[in-house]
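Data first, discussion second: the structure below is written as structure tokens.
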Amino acid sequence: MSIQGQLNQEQIAWRAAQDIEDGAYVNLGIGFPEKVAAYTIEGREPIFHTENGVLGFGRAPEKGKEDWDLINAGKKAITLKPGAAFFDHATSFAMIRGGHLDVAILGALQVASNGDLANWRVGDKGVPAVGGAMDLVNGAKRVAVLTDHVTKDGKPKLVEACTFPLTGVGCVTRVYTSLAVIDVDVAGARFVLLEKVPDISMDDLQSLTGAKLHVEGSVADLTVPEL
Amino acid sequence: MNKRHATTAEAVAGISDGATVMIGGFGGSGAPIELIHALIDAGPKNLTVVNNNAGNGHVGLAAMIEHGMVAKLICSFPKSKDPKAFTERYLDGRIELELVPQGTLAERIRAGGAGIPAFYTPTAYGTELGEKKPTAEFDGKPYVQERWLKADFALIKAELGDPYGNLTYRLAARNFNPLMATAAAVTIAQVSHLVEAGGIDPEAVVTPGIFVNRLVEVSDPQQEEILNQAEARYP
Amino acid sequence: MNKRHATTAEAVAGISDGATVMIGGFGGSGAPIELIHALIDAGPKNLTVVNNNAGNGHVGLAAMIEHGMVAKLICSFPKSKDPKAFTERYLDGRIELELVPQGTLAERIRAGGAGIPAFYTPTAYGTELGEKKPTAEFDGKPYVQERWLKADFALIKAELGDPYGNLTYRLAARNFNPLMATAAAVTIAQVSHLVEAGGIDPEAVVTPGIFVNRLVEVSDPQQEEILNQAEARYP
Amino acid sequence: MSIQGQLNQEQIAWRAAQDIEDGAYVNLGIGFPEKVAAYTIEGREPIFHTENGVLGFGRAPEKGKEDWDLINAGKKAITLKPGAAFFDHATSFAMIRGGHLDVAILGALQVASNGDLANWRVGDKGVPAVGGAMDLVNGAKRVAVLTDHVTKDGKPKLVEACTFPLTGVGCVTRVYTSLAVIDVDVAGARFVLLEKVPDISMDDLQSLTGAKLHVEGSVADLTVPEL
């Protein structure tokens, strides 16, 4: 489904990267969220964590130079930056569960206006696999989601209540979509619209969203570079 | 004190039908391929296996599953590039799956090794993976009670090992290996380099020898990823 | 990313009255004497201190107690060669003591750092230190429920530190230091050698920098044992 | 109180050392139990653990050569043997609580015939201090006690029920005293006499013991070298 002016994945990732502070400890979910690393702001140095026991990793090695003992949670080969550290899985999840990570950025099937997240399983068919998602959403200081605003067949992914199996309860605090940046007021169970792409009207955005979008003050334009 | 064994076959001796076996590694990183293959040669059946994953391709854990050795798998992420071995058997009901969030899996194993029979975690609260488990509130926040995980045997992969069983690991191949070493009645480590006593700086030891029962040197160990790129099969 | 501070005074800034402060070390081994003395100079009162012991002689933690800074001590073994500072104040009711078995103390701190609000241990079951705590049976054996321990600040001593806060420790001076680093909102480490980024082998890191907020280099740190042999007093 | 033929501390320690197997992981309590290390049997290599994070330590350094970062749980300076390892306190007590230690040898105020141990506090006066004793008695595979058979004023230390505050419940399985070696049948709440010094009669030994001494088969002579 094509919507006028909507952002592509690179642009959503770019927007999310703007909110990552210098020195932040960050875990990026497998796949789409991994793109955020490429848009780190000049002069800021976030430190990337991967569940399988590495802090301070950098980009992928050149093809043919992979060391398969040095991978990320997506099982892709990585490299190290100076100041990196290795540790076991219990320590890695102590970092997550213990509230030491500043931000976790994940994909989503659905996000509810009370902060509930569904991102690990569509239904009860097939092989279920959860990985570290349920730990990340309950541990990181800030849990953000990157997602298309609607599904491929146009259904809202931002909803009043998740219908897919939950990953976590009341855990998501910000959503970066292809059309908007939205804060989740978990206590009030409200979506609060912060930014929207200029080409879409408030009414059209609301019609593509499964729960009410509240506005506090003004809504900024969500503008991103060509990517 | 000498925990060394001459061959992987000798190292895995005594793992019999129905045993619970923890296998280290995260995907192929840190997977003790040679020990797994020795276990396939030995051929025990009806095993419960604890691993983060469910194997990839037709070597290592995937080959164990293909050989019908695994009755139940306890893992967090039973998907991979080529998960056919597990997927087929899971979908037609020949293998049981206990799916555990990754951090809970790590902590349950750590608890098994540390003599902590149960603990509370926020992970999985309010989800189907937290259902049917006891819950409790602490300081106004809800948590799920989780139980320790122990095993009869652990197969792990390390980098350096000395005759006392002290171990170091290579890069991110550490992952679950040090935890599983603590949680099994018999921990069996393949090491890429066996060194003499004193050959590992006491400050550099990651797994102290008290957690390790048997050692076997496997120089130049195989990497699951490389084997799969070559479409290898075991045996 | 640079967590370095120029002086111990700067490193301990902001620890105010009523704070809970974990202090690393086992007896004098691994005790961050210079950080403690900087805190005595700063002079906050009514502190809750978590340490394995209760100080020895008239330096370090004992000097903090003598200066009336400590309202409550959480520890396992408040005895030493010269425990007068604590003993006097305990016996006349000026300082509160929460006595915790040493392994439970370590595990409670580790739980605080790992986001585990409570766990079960066999330790202290059936004893007066287990009284008034919830109990539960697992697999027919009784256990005591223990809660996590967290702090506002941790003062720890390490050997090498890099600007990211990665740390190594010297010999048995490791003890409680790596645990406390994980369990405080603000962890302050004195390091004997500050090295550049990349100066610590990533496999040799004991405390990853994510657990450390402030670093200060203290070359040739003082040893409590040596100070006490010389009958030193602080200030 | 002097009893004919009773063993001194060195001799009790020597007897306990006879039961330590090659390769055993052993924790010796502070003070009297530390003496056991000196009587390690030729050809056997136990590995000594200390709560503060060392496995594989050896004897004390020469005076003047102490490194005060390298101490044992009694805060005494130690040295390392080849194959030693350092670890943090959580790992150290994981070894203890997790059942990885083969034997812990401790002192005692009282041992009861049901295996209860009192060894940390005489009453409610003074400063209480527990250290790692409560963890050791609940963790090690085998918990043995070294003790004089009676107190300095002749009262039994082996009793039907401890009157001092408990360290652990049903935890002691063997007692090495100045007069005897006694197994504790925890399930049956019975002391089973294995060995006694030759100079004491069964009746006299029983009269110095606060609970019945059962005999299964024969009682061996407890003979030790001059030490």
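For this structure, a couple of remarks:
First chain written, first letter: the chains are A, B, C and D, and each begins at residue 1.
As a convention for this text, a contact is a pair of C-beta atoms (placed from the backbone, for glycine too) under 8 Å apart; a residue touches a chain by one contact, two chains touch by 3 or more.
Remember, it's a predicted structure, so these values are computed and weren't measured experimentally.
Any chain that touches chain A and also touches chain B is listed here: C.
Placing every chain at the mean of its C-alpha atoms, the farthest one from chain A is found to be D. Chain D has its Cα centroid 36 Å from the Cα centroid of chain B. Inter-chain centre distance (chain C to chain D, centres taken as mean C-alpha positions): 30 Å. Distance between chain centres (mean CA atoms), chain A to chain D: 56 Å.
The multi-chain contact residues of chain C, meaning those touching 2 or more other chains, are 107, 110, 114-116, 121-122, 169-171, 202-203.
Contact with two or more other chains is made by residues 54, 86-87, 90, 93, 96-97, 138-139 of chain D.
If you draw each protein chain as a dot and join the dots that touch, the picture is not a line, a loop, a star, or fully joined; it has some other shape.
Here the touching chains pair up as A-B, A-C, B-C, B-D, C-D.
The residues of chain B lying in touch with chain A in their complex are 26-30, 52, 54, 76-80, 83, 86-87, 90-91, 97, 99-107, 109-110, 121-129, 169-179, 206, 223-226. For chain D in complex with chain B, the residues that touch the partner chain are 22-23, 25, 45, 47, 49, 54-56, 80, 82-87, 90-91, 93-101, 138-139.
Chain B contributes residues 107, 111, 114-122, 136, 138-139, 141, 143, 147, 168-171, 202-204 to its touches with chain C in the complex.
The touching residues of chain C, when paired with chain A in their complex, are 1, 110, 112-116, 162-164, 166, 182, 196-198, 200, 202-203, 205, 208-211.
Of all residues in chain D, only 50-54, 66-71, 73, 75, 86-90, 92-93, 96-97, 116, 126-135, 138-139, 165-169 touch chain C in the complex they form.
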